[in-house]
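Following are the structures in question.
In the two complexes that follow, chain A is the common piece, with chain B as its partner first and chain C second.
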Partner chain A sequence: MLKRMTRLVSGARQLDPGRLLHGGPQAPQSLAAHPDNQVPDGSPRAVSCTSEGDPARHGEQHEARHYCIPLQDLRTTFPHGLPPRFGMQVRTFNEACLMVRRPALELLRYLKNTNFAHPAVRYVLYGEKGTGKTLSLCHVIHFCAKQDWLILHIPDAHLWVKNCRDLLQSTYNKQRFDQPVEASSWLKNFKTANERFLSQIKVQEKYVWNKRESTEKGRPLGEVVEQGLTRVRNATDAVGIVLKELKSQSRLGAFRLLVAVDGVNALWGRTTLKREDKSPVAPEELALVHSVRKMVRNDWHGGAIVLTLSQTGSLFKPRKAYLPQELLGKEGFDALDPFIPILVSNYSPKEFESCIQYYLENSWLQHEKAHTEEGKKELLFLSNANPGQLERLCAYL
Partner chain B sequence: MTHRFRTLRSLFLISRSGTPRAAFLGSSWPAKMAAPVGKAARGWSVLALGLRSVVPRLPGLTQVRWSRYGPEYKDPQIDKEYYRKPLAELTEEEKYEQELRKIQLIKAAPAAKTSSVFEDPVISKFTNMMMKGGNKVLARSLMTQTLEAVKRKQFEKYHAASAQEQATIERNPYTIFHQALKNCEPVIGLVPILRGGHFYQVPVPLPDRRRRFLAMKWMITECREKKHRRMLMPEKLSHELLEAFHNQGPVVKKKQDMHKMAEANRALAHYRWW
Partner chain C sequence: MAAPCVFCGAAASYRLFLGGRVSLSRKQGVWKAAAAELQTGTGFQILRLRHTTGVTTKKNIAALRHEAYTVDFIKKQIEEFNIGKRHLANMMGEDPETFTQEDIDRAIAYLFPSGLFEKQARPIMKHPEQIFPKQRAIQWGEDGRPFHFLFYTGKQSYYSLMHEAYGKLLEAEKHQNQLQAKGLFSEKTKTKDLIGSRWLIKEELEEMLVEKLSDQDYAQFIRLLERLLTLHCGAKEEFVQRFRRSITVQSKKQLIEALQYDEQGTAFSTSEGKRKSAKAEAVVYEHGSGKININGIDYLLYFPVTQDREQLMFPFHFLDRLGKHDATCTVSGGGRSSQAGAIRLALARALCSFITEEEVEWMRQAGLLTADPRVRERKKPGQEGARRKFTWKKR
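And then the complex of A and B:
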């Protein structure tokens, strides 16, 4: 609170209080009409920020407002890291503020009303480049972490199908390939995110790693993860076992499982990986991709599956493609069918205004013309209210 | 060397007879006639409309390199405010000017010049100087990344500083850029002048545009050459700009060396005749 007060003093310099309080022709009236109970009215941050830190209590009245995620929570909830540009923003501002937007609110409403006896519902966030799919996914993950769900988060599935230095032949199935580096880094992050569940969940089968090592039935899942981390060769198999166990045990009701995959169209596309004889590797021949595909099927219950499509890291897809049919292809679409599509679009005028206010409050917009109406109109025109483009524009202004 | 003759609006002229004039790159002759170019002789070109030059014609000389626009072409008016003034507010002069513009021929505005509120001529000039091979996209992206890097570094310093220091830390990358270049501008320069078979470095006052050019040139050369192989230009340039902003760093040192040499050679100042 003290930090916020000192920030108000420095932030108030750049603001034009007349615009905020009386509302000029551009300022949407709805922003001023929704006073936040916690933050005192009239303070600059009341307009673009809300002090409601729990996503469970986010509702319509918080739309277009930013809420802060405490930095300690970031390390446990997002050990893989956030998207690179957002990570830079977090480091620069010393705070992680996400905007509450309509697609995320819709998803949260569905998740709050999930019936855990029914099979897991698949939600697919799709939209053009830079509209905020990944950050909406992060919002949902934060909500589930606060609600004490078990989070299975794959930050970017595209990284598993390209630029892999070492592909080993899988020990479990001779036709498939292992990726030790990717699997072990994912296991490390999974362990950081879900520390408390690893001792509670017990394996239901005996797994033999090699002649000397095996995991008995009834041992905690943490041992499997440790085995994968210490013996990197078995990391991919450890990942497969973890996914299988979680899937089978989620129906028992001890925990609720959230499967969050970003860039899920990588699982059904093409890879750029090649065998020693230069013949291409299909995605189903990768053990990691195979296990995640099984996870994303809706033949289990006790949780939800939230997916994001992404053209940015994808392989062999045209730049303008953003619809599920285009990015997933026939195979992927049939595998994911039926799913609930959620469109993430560019900023509405209210959200755009809120974003600009947030940047002004943090003194991110340093150019003197950026504070004027002309400047704002120009930013709107140049970015077309696309969140990613706006962020890049404001970075150098 | 050739910059000295820009003030005389030197155009490359060739003589009618076609013989190249004596090379006077080494002479101290105040060249009112411009440097010859070894091209074939041409007679007076047909004075088609729009192909005239502004410089008064010298007998026996034809211009070889000229602008495609004649003297009747006016510069384009890019400023939005000029057009937004309501009719009542215009003075007689401005009304006349606006009427005239409807009939006059106007040059095309260059592609890089926009009516954006964020446009800065100094930044555009710097970007053009950084450009290699016409790759303006790359040069512009390097410039924007540099400004972003400067901003982020300053924000880091700001958050780490105490309340009193925070007031002194400048976070606007544009002010830092302008101040840094101003700090790098030399006041006095050296020019080689030939006297008695030897070249002497004579201290000479520099016009504004030469000073700005030298500051930018030194900055870019410094960043291109004196950096680690793997270091990227925005990183190095942001570092150098911040150092120059605080009047430190190699570019400001170069300016000061230039001043010292001029001070040392001040005895030769009378060799200057302009």
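And then the complex of A and C:
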């Protein structure tokens, strides 16, 4: 062991500030490939980052590179917030950098080539825990936001089927339950994300809220949202109305609709909510879930549906389940049946290298062995190239 | 030593007796010689009684101590042992002439099977020299004079050994001076004799000399022997070798599994490992990319805790072969951490087939090849757990 340690120590002494060693030989190649790079020669950031900020222009050559999302875009595109760990990273580094990966590139290609006359295609991102499904979804959402689509983003459907304090009996349909808190928070975020569409889209029916309030036909959708926000009791119904309107109007072609649901297996699983008499509530008895299920059906056209499966927040599902069949169950699988599955897997060696480079450039890895090849091999072994595990490991270094 | 006292006492009483006799005869010349004799006789006896009470008891204790194993007794035991050995050989149907101690042990284990766990509690039949502790024979003759000239130092064998060693040292120096004078002196290195052997420890030397030593005595003796070694002289080798014991090199006992080859021609090696109650078997392939499958599941999913994965990483990282081998393992029993430890041991043992002997020795010294002997301690009655006692209540 002593001999090994001396070997390691002598290795460390020979290395210069390791970044230049790694960044140097690779930088000129990247510059030759991308004339739009404004990064000067020899800078290590050229290896793991690209300055191409528009997802529309991302292609094969950008694979395994990080690209930055400007912080003001973050607030409009992701009002619900990003996944918590990624949000912490954004706050630490003061920049939001997403890696461009193959599944996301595939999805973007499909979306660019969608035929809006056909019914909406469903894409399901699935994979092991921690492989990057949610962040790929965020990449796609950013692309659609840049392309000026209307984004219907449900950050985590699991939050709607568990830990709900107040369940009200729905005013619209006696059998179902309302969730005012969740509905109103979602409406608020929806408003922030799609500000400009709310005044353009007009409601096509008259909706009566209660004896005193109603929304006339032809009023902008923004009023429905306002109503839901002010009268919290009607928030769930407001959500239902919004979804129905968007679905019916998307075929008119005024806008393109992207439905993005993370953790869609929550819609068809079980809930942990109980009625007053302690009997369990099935998901279809929740009004929010019911409306989203209708949304996810591909009986409309003029947009796309991107879904993600997630075991992390799921209820009553084993830890190792990741296939659509296992997580959705028979009912869910049949409901989603013609869908395009996209597997999100662990990092490839190139992506892994790029991720480590990114951390090194941001001075996130402070351990002296992090620069060395041996250190990288250790990290590779311990995390098995799983992005989530790697991120958790590097947090300590 | 009680023995000298007896004679001192006797001598004193003898002198007193003489003195008494003379004075009495001077004082009472009227009495008859018989009466004087009687008086002095009683006086002598009284004197004797007074002086020898303590001495007799001491002599008894000394006698008991020495008479436990007298030389005759030991000789008788040896004869009985030899006869018994021949009987035993006849019983087992073997040749009495060539019946060794190992044969005796085997025969006794066969004839008296014992289920006792403590090996030293089982029946044994060994030569009396190994059973009875070594005793000092009486060091003085009938006249009370000790045999050895260093007897009165108290540690006669030790000092005689030092004397002998120093004598040899002086001879060696003289020899060396003669050689130097003649110009035939040549430097020879003798260090290779010392590798693989060690000096006697203090307990072993005490056993050899049948005498108690102090730490300083022992240190002095070893220093003298080392000084003797520095003077290169071949004649002293046997003398010094008496005080060295060889140490077996541990790593030679390491079992290295053979490599096997599968259909494609890739070499692989299999081995097992255990920890607490977990048993693991690992198959390590020579060429690979660092993937490990456990019970058909990827190691990242099987061990979500980083600590367990670090345990798996240890053998590969130590040998600097992190991405070079593939492994498939099966494990059962135990908990999360003991399964990881069992797989680690199995991987390390399997890797022995792919590396040099030196690296095997390094692994052994790092503790990768040793099975962890710790097991769960049993719960004892009257206590809540293995060590925890019940809450102590004063009343």
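Keep in mind that, in the parts below, the second predicted complex is superposed on the first by the 357 of 397 C-alpha atoms of A that agree within 3 Å, B and C clash if a C-alpha of one lies under 4 Å from a C-alpha of the other, contacts with A are read in each partner's own complex, and residues count from 1 in each chain.
Note that a contact is a pair of C-beta atoms (placed from the backbone, for glycine too) under 8 Å apart; a residue touches a chain by one contact, two chains touch by 3 or more.
Everything numeric here is computed off the predicted structure, so don't read it as measured data.
In the superposition on chain A, A:374 makes contact with both chain B and chain C.
With both structures placed on the common chain, the touch criterion links A:366 to chain B but leaves chain C unconnected. In the superposition on chain A, A:397 contacts chain B only, with no contact to chain C. Once chain A of one complex is fitted onto chain A of the other, the partner contacts of A:51 are absent, as it touches neither chain B nor chain C.
In the superposed model, A:114 makes contact with neither chain B nor chain C. Residue contacts after overlaying the shared chain place A:185 against neither chain B nor chain C. In the overlay built on the shared chain, the residue A:94 is in contact with chain B alone; chain C does not reach it. Contacts of chain A with chain B, set against its contacts with chain C after fitting on chain A, overlap at residues 374, 378. Residues of chain C that touch chain A in their complex: 290, 297-301, 304, 306, 309-310, 313, 316-318, 320, 322-323, 362, 365-366. Interface of chain B with chain A (complex): residues 116-118, 144-145, 147-148, 151-152, 155-156, 159, 163, 166, 171-174. Chain A meets chain C in the complex at residues 1, 3-4, 128, 319-320, 374, 377-378, 380-384, 386, 389, 392-393. Listed in rising order, the residues of chain A touching chain B in the complex are 6, 10, 88, 92-94, 363, 366-370, 372, 374-375, 378, 395-397.
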